[in-house]
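These are the structures, in structure tokens.
The following pair of complexes shares a single chain, chain A, combined with chain B in the former and chain C in the latter.
Our next item is the complex of A and B:
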């Protein structure tokens, strides 16, 4: 390392002179990777079966973690939007249930639950020893209040995006329309018993009733429309949850300090405090090396290319696990007509077909033309992911029982087959310019777009273009979009054909409706395949859907159809790479988060 | 300075062709300037180095057989070898080829933006400086308005709005945002020239405005114009590098020295692969230094009063 110091110095001189020379250098915008988190799950909470070290955990100590993008500062579980806020909330709040490594639900602050015979209701027994950070006891009324807030007429207008949690409850429409003050969907039977009543037998009732509660005694007098701006949603010291840590102080955009909550229901957390620092991804590793930060965890971990470097740090432990999401190359099947855009609705029957890639053979040819394995690579020093990722052939997280890794078609890299498919489809180079023309002999150019932020995804864009040009497809690659402008552009523009995007998936249920139903906002390709729709709906339609084997079967068919029709080609799932110092003990990540059981984290005393 | 230029005006009106000996003795101001320039070692060496760089980037296809945009994911971040003189970057593209072709882009951007600015600046400056009055106020107020807009921020905004940034657009954006500086310089020179006797003379014999501007004003203001244009070219090359470095310049896979440097944002490449970023960094450094030395040399040559730094 020493001999490289002068290089480092030289680099800094060069960079600084560059920036200084052009008059007030601009800070690089910190990459924003997982903005498209589908939904956060308050998936921390406790586990009684902790593994004990020989010496045993000790109390005390402060650790520092790093995020590359600052939270928006919305620390209300029913209103937060970004994965960075959720990173704070996973320390400060608890949800009723938690999920184990097989994604089965387990008790958390609810101890047990029971379905009624008609499967329309589910009753939860709550713990009677759970307290909010300000000392008030957590009761069934808080749960009722939370769902009333989500279903409130003003909720969506105030920026809330989680109505879907309440939408299937009895009386939701009437209550949301403001016709009545009664919301019979959630009822507190007594202080520690709460029952959810669904309009129909609900296959995903546990997921829908597992929303993180907010404190009624704080928000009771706050109109829902003003809740997002209320200090208890935004300010350090005012945010109240039931989690093991409370947000004690913050310097907005720089540092967020969480201090332990001594009366936590699973026992006093070992650590005194956890500090989140917001630092650029590029300097995280040097901070880790010097010990200025103790861990790199959610939401992005560190980069695969840096693996060897982190491995060389003697005081650091690496945790590698499968991502709970994927990166994709989407095909824009349809466009939303102007009238529907104005009204803000997605009506699949009105979609306008995109003729440039409407032929499934063309999409399949594209899928065969892209060398996905090269993107992932075989190992260190190979590919964009240095071997730290996996192929996926269906858009359901492989950690779920519903993922089918056998039947959906796998598109291997096969240039000859791609050429053949395109020739068959009538896309032939008639004017000898090296690129294929469409079947009518007109110029055929596909417009591809991608967002900035995820460095590996950005680098993959020109490589994918190269792969496509190798089979004679002319691609117009636009400059990367800022993530905030990207989703809007995807929805409204009618010139795009291919798009890159990544999804982090929810752990609640494998149901892909949020991303791939024909009328889902996130279905940017506006994929509308009536048969696939039928399957997707059948998979959550009672009574058959209460049988998991049946759902598995239907989802398998749906995944096969997905791969056949290709609303998107799943490019890869990049492994999550977490790193923490050896001083940090008791780390027990879940399949989707580093933050699980953070009340059990502890710090080896310095002299060890 | 203006009094020194007077003989030139007189000479031009002097139709004798057999005056060679006389002229040899009394060189034209331009020749005098060139003489002074040639005595400036730093400037002359800079011209030679810059010419070498220009030849190298023009002859890129002869020097390397690699395509600078062709990636090879099976061969990334490799060190120097006989196949890849400077190794490959993180997408498996040949760094040496990218150096050469990237130099093309960087120099083209710098040079064409400079020419573009020059055209706008000289035209607007001439109009404002020569006609004065209301035209002058309008143009100069507009220039002031452009001047208060922070260049880099403006370029960032424009570049992020545009769906696709090409070299042409990039040049236009730079030029359209940085013309006021040159315009003011041109206008300033004209204001003092306007009061000179030879201009009055030219007007008196009925020369058209166009002729006066081109025959009398521009040659007399050429010094500051050339000097500033040269220095501007250097700053444009840096601007392009800086914007590409932070990801707002010419997008990949088109190579430029700036977006090659952006590889070094990763601490790993910074430490382990110096061959990936030192060459483009040095290339920018050397090119910009050369251009600045040439600019300084030109200024000293055109304006002898400022050159006497003992």
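Our next item is the complex of A and C:
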């Protein structure tokens, strides 16, 4: 009996080793796999045997892109959470409008729009030649259905997070509370006309009306609470959009294959398929070099440290552009009193001043003491960004008309000036320990915190501390927090003075209220400047705010005030770095995305 | 014997229960919740509050735990917070096979390589191969997993093209035997990487155990009786030398599952390890709880198997 057990074990081991040998024996076949990718492209080259370069785009071909993190697998525009999912959705779905390089709205699957006299309503005319992937026609009812879904009482409970798109529509509260079945906020006038009715004249109505529609004919019978589980939200072949590509198949966590939608309203896409592979960041570039992947685009691009390496690849083109977002060194102006924390409210009038950093001169001195250009660096091997970043002097994305690059104060690196400002403010080293004391002669230590997760930001923390110590400011740098713990700590702790954080900015509208209004949860420094508040509100208050020139002016004043008062010093904006093989043609990134006009991407036939 | 197994399994149950209590308490003691990582001004505070309410996060810890346990005993591990609309069990089942394949493969490599070399080294100490094996052992223990993985990818995949660099299967794998071979092909690099360190340590253990057994009295007696080298080696030496290896093996089953995190990351091999780390980062506690429970079961079962193997290897050990 015992012998048998041994035999069994041995047999098991043998089988495994045999299988292992099989795996090893596969070696010779492996190179074929490499060829396969080339073959896919080579096939198209076979069409024209001559040595001529085709003049224009040709149909056919498959390209492979890489992302370093897998999507969560929620491919419903009203429920997805990550940028990786949204990257896939940008191929499979369309929204009513698109934005040009000045971020002005342009027709997309809506052809035109008109505001009512009182600016409370906006009416869109929709194209009548747009079809869903399953052949159904796209109509105004789909738009109405989408907004009814995100305003639905069960939407948030099901995991939805985008009700803010519907929140300003007429009847939202009543409908969401379940008091009525009527939702008069969005109305289909006819098959191809839809009107949004807002409670107040809405300056950002276009942004709020531009939510990506989902197909009513698929989801009509699905209760909102069950939508996220529905196959049409998750499974390849079942996800239905109006975009140029459809999600045809996937190996979860590894590969997502998008195939062209022939009846796409802007014409049949040139490429047969786009394959997204999930690839570890450390080997992404090796695969780019060998041609196993053809491009690295949204959402992350490649790392600045690798710029020189990619530049050396002859068959690769680099696209570098400004990103929407910035990294900041925040100043904790105020704290939230305990009672308000318990109630979970932010009432600016109740904020308690943080005396360690309440003097604006101190903040300005800190701004002058930090060598922001050194953080960015001059070129390969220099700084944290290897030169692939930009300075920003106001917290509005520079791509917007609202960004003012002239008037807001620019804090150049100036140690002497920093010292002078601190001396002036009375912060002087009275006990000769090398660090300044506060004006009363007490010890003055600033506590700095930062989150983990962004390597470059993590590395910037000690550099900033060094810069500050160079002007005699003693800084206590705490060890990094993980992101889930960070926001809570920033909100509740009363010992912090400086914090690092990065923001990605929306492309819909430059309104900075979400991050910098006095009562915004994300205004972690609890910056409260009544004058700035007035400006910020004026910039979105109708009727004046319907005039873009007016908004530009008001935002300019707001930005000047921001830089003067310094709720935060904007450290740098890391550039977006995309790379694609030279075989890929028709790449036309917008200021916000690599993926624009992907139906026009085409592949140069090989062997030419 | 069977009584013993049943008794052991019954003891598992309270152990697993305590495990879940401790893990749950630790999770809840950590700051943040599944929604505190959401930093998006587009999401209103009211929505976040409603999300927390709907997810039961506003209940007291005790109520949350009781809710979880009640559902879990019925086999319902709830829905993931991070993966909207995904059942935890569904999520784990989509990852678990990958991890199991990887672990078995790594374990097989470990045993196949480590045991024979360990024995050889012990029988021929200070021979060139022994020195080589010793050197390899230190190398294997010293080289970090991810680094070995990256080098392996660079040399064997990018440069030589022998093995796929990433993932666990190819899209055009076909089915049946071809698919099986395709999976194995994808397993080679991550399997080697994962198995490297344990191979090295098993080899060292095996060598020293066999060496010490070879010097013991009963081996001398056996040799004196005129038994052949083979019989002495396989019947007397190995059996005794295997006991510590089996102890290691019992722990290894649990460790392989949780220890695959880094390897899975390097090879974008979607398995349990990566899921666990992601879930901890996002405080996705239904997933963390379910995986912890699973790991607990794995480790306990591993130890049970080890116990049973003891009795096979060492006749002196009897369970009744």
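Just so it is clear, the second predicted complex is superposed on the first by the 522 of 608 C-alpha atoms of A that agree within 3 Å, B and C clash if a C-alpha of one lies under 4 Å from a C-alpha of the other, contacts with A are read in each partner's own complex, and residues count from 1 in each chain.
One rule holds in what follows: contacts are C-beta pairs under 8 Å (C-beta built on N, C-alpha and C of every residue); 3 or more make two chains touch, one makes a residue touch a chain.
Bear in mind the structure is a predicted one, so any value in this text is a computation, not a measurement.
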Ask   = Just chain B (first), just chain C (second), both, or neither: which does A:282 touch?
value = both
Request  = Please work out whether A:514 is in contact with chain B alone, chain C alone, both, or neither, and reply first, second, both or neither.
outcome  = second
Request  = Classify the contacts of A:377 with the two partner chains as first (chain B alone), second (chain C alone), both, or neither.
outcome  = first
Query = A:482 contacts which: chain B (first), chain C (second), both, neither?
reply = both
Query = Of chain B and chain C, which one touches more of chain A's residues?
reply = C
Query = Touching A:539, do we find chain B (first), chain C (second), both, or neither?
reply = neither
Request  = Give one of first, second, both or neither to describe whether A:570 is in contact with chain B, with chain C, with both, or with none.
outcome  = neither
Query = Following superposition on chain A, which residues of chain A contact chain B and also contact chain C?
reply = 17, 19, 22-24, 26, 282-283, 286, 482
Touching residues (chain side chain B, partner chain A) in the complex = 69-71, 73-74, 76-78, 90-91, 150-153, 156, 159-160, 162-165, 235, 238-239, 241-242, 245-247, 251-253, 261, 264-268, 270-272, 274, 277-278, 281, 284-285
Remark   = Residue positions on chain A within touch of chain C in the complex are 2, 5-6, 13, 16-17, 19-20, 22-24, 26-27, 30-31, 33-34, 36, 70, 72-74, 79-81, 156-164, 167, 227-230, 233-234, 249, 251-255, 257, 275, 277-280, 282-283, 286-287, 289-290, 292, 344, 482-489, 503, 506, 513-515, 520-522
Query = Touching chain B in the complex: which residues of chain A?
reply = 1, 4, 7-8, 10-11, 14-15, 17-19, 21-26, 28-29, 282-283, 285-286, 303, 305-306, 309, 371, 374-375, 377, 381-384, 452, 458-459, 461-463, 466, 476-480, 482
Task = Over in the complex, which chain C residues touch chain A? Could you list them?
result = 30-33, 36-45, 47-51, 54, 81-87, 94-95, 104-105, 108-109, 111-112, 150, 153-154, 158, 161-172, 181, 184-185, 187-188, 265-268, 270, 281-283, 312
